[in-house]
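In the two assemblies presented below, chain A is common to both, partnered first by chain B and then by chain C.
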Partner chain A sequence: MIQRLQKTCRELLETGKVDVVIGYGQKHPELPPYPVFVTAPDEVGQLVWNAQCVMNLTTYLTRKEVKALGRPAIIVKGCDAKALIVLEKESQIDRSQIVVIGVACQGVIGGHPVDGQDPRAATAAKCKVCDVHMPPGVDITLGETDSGPVTAAWRYSDLDAFMDQTPEERMAFWQEEFERCIKCYACRQVCPLCYCEQCVVDKNRPTRVSTSASLKGNYAWHITRAFHLAGRCIGCDECTRACPAGIDLRLLNLSLARAAEENFGYRAGYDPQAEAVIGAFSEQDKESFIG
Partner chain B sequence: MSTIIAETALRELVNTWMGQGKHVAGPTEVRDDVVLYQWLSRAEDLRIGGSPRPRNSIKEFVFPRHEKLYGYKLEGRKIELVETPLPETEQIVIAARPCDAAALPILDQVMNWDYRDVFYNRRRNLTTVVTLACQDHDAHCFCTAVGSGPDDERGSDAMLFNLGDGTYEVRCLTDKGKALFAGALQPSERVGEVGPGPEIRLDLDSIREFLNNEFQSPQWAAMTMRCIGCGACAYECPTCHCFDIADEKVGNTGARVRNWDTCQFAIFTAHASGHNPRSVQSQRQRQRIYHKFEVYPAKFGETLCTGCGNCSRVCPMGLGVLPVLVAMQGVEQVEPSEYV
Partner chain C sequence: MTQKQHLDTQEGSFEPKIIAYVCNWCTYLGADLAGTNRLEYPANVRIIRLPCTGRIDFNLIVKAFEVGADAVLVSGCHPGDCHYTSGNYHARRRWMLFRELLNTLGIEMDRIHFTWISAAEGRKFQQVISEITEKTRQMGPYRAYKRICEAS
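Let's turn to the complex of A and B:
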């Protein structure tokens, strides 16, 4: 699989179809992989693919310095591929100028396996409810894997468990979570769909959202972030993975995803033709939740 | 001759300190693989076994991420300033990593070289730091490559050595440390030990030479392309100390506050004109390395880095200081046997 991946990328670079391959490199199996930007055919040897390749590389497609490298090929898992669909829908990428290499994925490692623990126990939460093991809408597919679709009930099981608590308990939970936020904005920076050139929290003439990492300022940030991702978040969970404070942003994202699915029959990143839930108006739209 | 304390007695002592009204912070497990230094409400929450490696640093307890400097009230055209009282509660940080504590004397210099920062100095004076000598390291650790080590005493008032049977040797290094443990220790013949620490070596002189000669090198972009521009590295760094000043107003009252800030954010250098002298992320990464390994050493004679590895541990894209330095030197980061 890795050999095929490297061969494919070598051909793309040699034939000039792409200028750069955005993929994963790894120094040693015991060290996590990291993003690499391969521009020369002779350097494809550093490309790897394995269950540790948890990063969603599509976040690089909208970045100035990466764009300056030229026409890209990018390696994506099924969850990452969903970001491409939203980015294209929002006119952030020209899909015809990108070669997308999809890799069959049976799940990636979500945390650090504890000594002696079955590595699968550390499978990322998103993978346990994944229904895109084969990445959709890609140009080249590598590998094969079978996987049945996941029922909606299972998809939101973590959220259901959370929602079983009383509103007071949930509020106490979020208070504790948000108190740890240091406003490093790793959640924003890692997100492929947080591509604004100027984030609303960086607007300082005048300041719109408190820049303080106080409880109030942290609530303001996280609620702003969640709302801006409503109906757009593809559930790659990169924000949750990136958070150094271990804030469970996944629960917020799941809540918004379910709202979009249940109220509008929309799931972000699945159907390139579907009108974006936030960007479209239909007379059938529910209004019961307004005022 | 040494002095020791049992872990149970140590935990009782923590409760005693809290009973005396002191604030105590230490490593706590937030969830499975997330350990953070946090204020403790009970001694049981303290995670001291093994070598806890919290994702954050202890700088937060002397240099909070958010701090009110003073308040103000507006009445018509009149402005009344309201002083923020200085902190008065004694605080103790326990089971800190030596590489965290070693950052405190480094911060002291910055906070006192031209302006004596009253808030910082007050908190620093109220703080007693008890470190836990490090008996474990991972692939991100490089304390020994920047002049520190697993039992670096800089910034520590007392140091604990895990003797492996629920007992700790306690070395009181300052008067503050002695006062903290007065009457609580047993004499013993047992002496704690640490290993040699991370094996990786860096040539700091050649790094400075690279920095002085290669400011415009295209290598910067290549070495740091994967940086996504968050502040995780700087905010979890024990030595990074940049801050922003903001006014927060609600109705007719408000406060001038100090918040952490970082050179990794694009807005950090944005001019009012709209121009940004650091227009791309590799220039911001370059800045961070320059500050740590050239600017600070030139001014204060030591490195603005204790090799704790927090930056790499928390970087969502596996960057941080060490991968940049090793790329700069063309040396390998880790031998398989070294990885813990």
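Let's turn to the complex of A and C:
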């Protein structure tokens, strides 16, 4: 599989179809993989693919520094491929200028597996409900896998369990979570869909979102971050992985994803033709909550 | 003693602070009509006029609680009546999702109100403000969010 991946990328670079391959590199099987940008055919030996390749590389496609490298090829898993669909829908990428190499994925490792523990137990939360083991809409597919077992009963089951708590308990939970936030904005930086050149939180005339890392500012930021991704978040959970404070941002993303699906039958990143939730409307939209 | 502390400590004299974001073309004129018709409504409401409900950024709702509101009202034109054709439809859709997010965060949903009030509905404006004020008075100050804002 890795040899085929390297061979494919070598061909792409040698024929000049692409100038750079955005993929995963790894120094040692025990060390975490990191993103690599391969620009010469002789360097394709760096490329790897395994269940530790958690990162969603599509976040680099919209970066100035990466665009400067020329026409890209990118290695994506099923979940990452969804980000491409949203980026294209929002006119952020020209899909015809990108070679997308999809890899069959049976799930990636979520955290650090404990010794003696079944490795499946360490599968990332998103993989337990994944329904895109074979990435859709890619140019080259490598590897094969069956649709894969969806191990959780329902893709929103984690959210359901959380929502069983009372509002007071939920408030207390988030207060504890947000208290730890240090406003490093890693959640924003890593997100493939947070591509604004100037984020609303960086605008200070006037200041819309309190920028201090106080609890008040943290609430304002996390509400803003989550809602700017409403109906857009594809659930790659990179924000949750990147968070140094371990804040469970996934729950917020899930709640908005479920609202979009239940009310509008829309799931971000699945249908390139579907009308986006925000920016469109229907006269039939529910308004039972409006007096 | 600041006014905020005063409100928090003396339950009996609690007067809710309500921030109302209203659209320029319908609800604001509805409020105006209530005024010209001498319809009395509680002075607890602070009206903030915006061009359209479509202009009401969700950050403004957060901001309202940050500055000490006990309840927030967002109000604009009835569906089909938007001065800009579709601003209220866009807003409605946004609120549907935003409410879900706030609910997940455990924000008290009884403190956020959405209504359509037209320029002819001065009486409805009076009723809505009276009801919200009374309801908020019974719920008491929004201590949970005030604590968030006071924490360092």
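The rule we apply is simple: the second predicted complex is superposed on the first by the 282 of 291 C-alpha atoms of A that agree within 3 Å, B and C clash if a C-alpha of one lies under 4 Å from a C-alpha of the other, contacts with A are read in each partner's own complex, and residues count from 1 in each chain.
FYI, a contact is a pair of C-beta atoms (placed from the backbone, for glycine too) under 8 Å apart; a residue touches a chain by one contact, two chains touch by 3 or more.
Worth saying up front: this structure is predicted, and the values here are computed from it rather than measured.
Annotation for the three-chain superposition on chain A: chain B and chain C fit side by side. In the superposition on chain A, A:154 makes contact with neither chain B nor chain C. By the touch criterion stated above, A:190 is placed in contact with chain B alone, chain C being left untouched.
After overlaying the two complexes on the shared chain, residue contacts for A:258 are found with chain C alone; chain B is out of touch. When both complexes are overlaid on chain A, the residue A:227 reaches chain C alone and has no touch with chain B. Touch criterion met: A:35 reaches chain B, while chain C stays clear of it. After overlaying the two complexes on the shared chain, residue contacts for A:214 are found with chain B and with chain C alike.
Of the two partner chains placed by superposition, only chain B is touched by A:241; chain C is not. Of the two partner chains, chain C is the only one that A:277 touches; chain B does not reach it. Taking every C-alpha atom of chain B against every C-alpha atom of chain C, the smallest gap after superposition is 6 Å. Common to the chain B and chain C interfaces on chain A are residues 210, 214. Partner chain B is touched in their complex by these residues of chain A: 27-28, 30-37, 55, 59-60, 63-66, 111-112, 114, 180, 182-186, 188-190, 202, 204-205, 207, 210-214, 217, 238, 241-242, 244-246.
Only residues 30-34, 36, 38, 55-56, 65-66, 139, 221-222, 225-226, 228-232, 234-236, 244, 246, 248, 257, 259-260, 262, 265-267, 272, 279-282, 314, 316-319, 323, 332-334, 336, 339 of chain B touch chain A when the two sit together in their complex. Considering their complex, residues 159, 162-163, 167-175, 179, 200, 208-210, 214-216, 219-220, 223-224, 226-227, 230-231, 251-252, 255-256, 258-260, 263, 277-283, 285-287, 289-291 of chain A touch chain C. Of all the residues in chain C, the ones that touch chain A in their complex are 57-59, 62-63, 66, 79-80, 86, 89-90, 92-109, 113-116, 128, 144, 148-149, 151-152.
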